[in-house]
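Heads up, the next two complexes both have chain A, just with different partners, chain B and then chain C.
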Partner chain A sequence: MRRPAVDTVRPVASEPAPRVAPASPAGTLDAESRRWLEALSGTGHARDEAIGRLHELLLRAARFEVSRRRLGLPYLRGGDHDDLAQQSADDALVAVLAKLADFRGESRFTTWVYKFALYEAAVKLRRRAWQDRELPLEPDSWPDIASRALSPEEHAAESELLGALRDAINDALSAHQREVLVAITLNDVPIDVLAERLNTTRGALYKTLHDARRKLRARLAAGGLDLTSNDAGHPR
Partner chain B sequence: MSDARARERARLITALLGPDGPELTCEECFEQLDRYVDLALAKAEPDRAVPGMREHLVGCPACRDDFDSLLEFVGGGGVPPASS
Partner chain C sequence: MRQTTAQSPTPALGEWRRRRLIAAGFDETLAARLTRDGIVDLHELLVLLDRGCPPELAARILAPLDTPAAPS
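Right, the complex of A and B next:
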């Protein structure tokens, strides 16, 4: 199974990692989660039956993910959709059973297992969408990006930051950092697709991206540019 | 600046510069994603329980995609779209 990289290196060694709140105390599993764990940890027919029900859950989640991304994969036919969902559910089942002892009851058991199925399907679909495509790794489209972000009237006033960013990308980053930053942030190459092509891991690439962003921030701050006014986005 | 252009500019700059402050790694994000989603759906202060997750979801498009999907699936009761 191809899950996010198992790199142990944090993005920035000089920054303390965010402290994750402690796990729920033992014995706080909800009743449904406990039933799942007992059934899957058992033996014989009861376990086989539980595994069958688990696979049904995983397949439902995988089919949801395939449906969700269907518009982005117009060349996939109906049979391909279900094949991908089945493969994803199968891989997720292997992963869930292998990681069963890691489940600590911090979420509902079903949410925990859905995560594996959705992830497996998402990775497969992202890779399918980019297979046989050359990855755009150079910032050739920078002028277009600046143009779509700014009207002509706004260019004069706003181009300072974007111009400084472009210069920092060219001057402050290593070739590898620039390649990763441009592919992921400007050209929308999925990080797991890029990791596969570059024969590395998602975690290793994200560390490269993180380090590149730190360099850009430092360069802009050294140039006296105010970065605090930019919307940092919002997960929800 | 129009709203659309302002959003595009913010998106571009955020994508290039990433979140400001410590964030989880992709592996930590995957490990905590189910917990974060359940807490978010319960409106139970997910960011307090999993600091650094919000920042990572801003900085990592793939993990953000995984979060959106799990939130939508679990929040919708695990019901696939009718067309599937």
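Right, the complex of A and C next:
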């Protein structure tokens, strides 16, 4: 479904500009960034015109990002690319205007706003990739975590650790904690995709992940398994 | 408690949510009611169930304040 980009932008432009107090002293901003800030913080036609230019900039960035990832997006049809870019630019514009006061001048303003478009495009592409797909909430198989040649002793130690971890996931976690942990950490479901499916927030899922990891760590420690890494970055 | 924006889910998403709730222990009628309008935070529902809260009570706890309670 194609969204009219301009129409979604205009209501933002017609609203009063938020008070902007850049965190960076005005004297440290480059001239172009200062002009952007002044125009976007102003009123009337000048602000509307700046918002229009900003949207064009964001759209170019979003199109670039969608195009850059095009080869890995076989599920997208022709018109989908521009549709996603438009949506990304629209949402990035709203985000930029809401966070204008956070701009510190540590980079050029255009560089700063580019990141909003790239982020929105990345999120939307991830969501599209999982659209209408079943979310795997149970581990299909346990990954082969060993990524280097192991000695027999090391292999035995890692097998013991993985077995204990599997048992802890099954026994120490609640049903929903287990599903969230497995989906995100073992099956690579993006957290924003899972949040959208469950009609919840990323923060709520992060909290559940944090609690689940704490439980697992405690369970493994109680079983005598030390999860601190040695110099080689492998669990001891 | 976070209130989500009312937004009817797509049929496929609604069905996925309904199946999730039934698998977690909600009866079919309650699961269908909770997923119909796309208002309730399923994650919070399932967290409450994890803590031993009965499904019907979890649904009442998370029901939006500004909508009349549906008959159970």
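The criterion applied here is as follows: the second predicted complex is superposed on the first by the 167 of 236 C-alpha atoms of A that agree within 3 Å, B and C clash if a C-alpha of one lies under 4 Å from a C-alpha of the other, contacts with A are read in each partner's own complex, and residues count from 1 in each chain.
Definition applied: a contact is a pair of C-beta atoms (placed from the backbone, for glycine too) under 8 Å apart; a residue touches a chain by one contact, two chains touch by 3 or more.
Because the structure is a prediction, the values reported are computed rather than measured.
Visitor: Look at A:L165 in the shared chain and tell me whether it touches chain B only, chain C only, both, or neither; answer first, second, both or neither.
Guide: first
Visitor: Of the two partner chains, chain B (first) and chain C (second), which one does A:S174 touch, if any: first, second, both, or neither?
Guide: second
Visitor: If we overlay the two complexes on their shared chain A, which of chain B and chain C does A:N199 touch? Say first, second, both or neither.
Guide: Only chain C is touched by A:N199; chain B is not.
Visitor: Output check: A:W130 vs chain B and chain C. Expected answer is one of first, second, both, neither. What do you get?
Guide: neither
Visitor: Which holds for A:T208: it touches chain B only (first), chain C only (second), both, or neither?
Guide: Second partner only.
Visitor: Looking at the overlay, does A:R60 come into contact with chain B only (first), chain C only (second), both, or neither?
Guide: In the superposition, A:R60 contacts chain B only.
Visitor: In this superposition, which partner touches a larger number of chain A residues, chain B or chain C?
Guide: B
Visitor: Residues on chain A in contact with chain B in one complex and with chain C in the other?
Guide: Correct list for chain A: none, the interfaces share no residue.
Visitor: Could you pull out which chain C residues touch chain A in their complex?
Guide: Per the stated touch rule, the residues are 2, 4, 9, 12-13, 16-17, 20, 24, 38-44, 46-47, 49-51.
Visitor: Once bound in the complex, which stretches of chain B touch chain A?
Guide: 1-2, 5, 8-20, 22-30, 32-35, 37-38, 40, 48-55, 57-67, 69-74, 78, 80-81, 83-84
Visitor: Which positions of chain A touch chain B when the two form their complex?
Guide: 3-7, 10-12, 15-21, 57, 60-61, 63-68, 70, 81, 106-108, 110-112, 114-115, 118-119, 122, 126, 145, 148-151, 154, 158, 161-162, 165, 169, 181, 184-186, 188, 190-192, 202-203, 206-207, 209-210, 213, 216-217, 220, 227, 230-236
Visitor: Quick check on the complex: what are the chain A residues that touch chain C?
Guide: 132, 134-135, 174-177, 180, 195, 197-201, 204-205, 208
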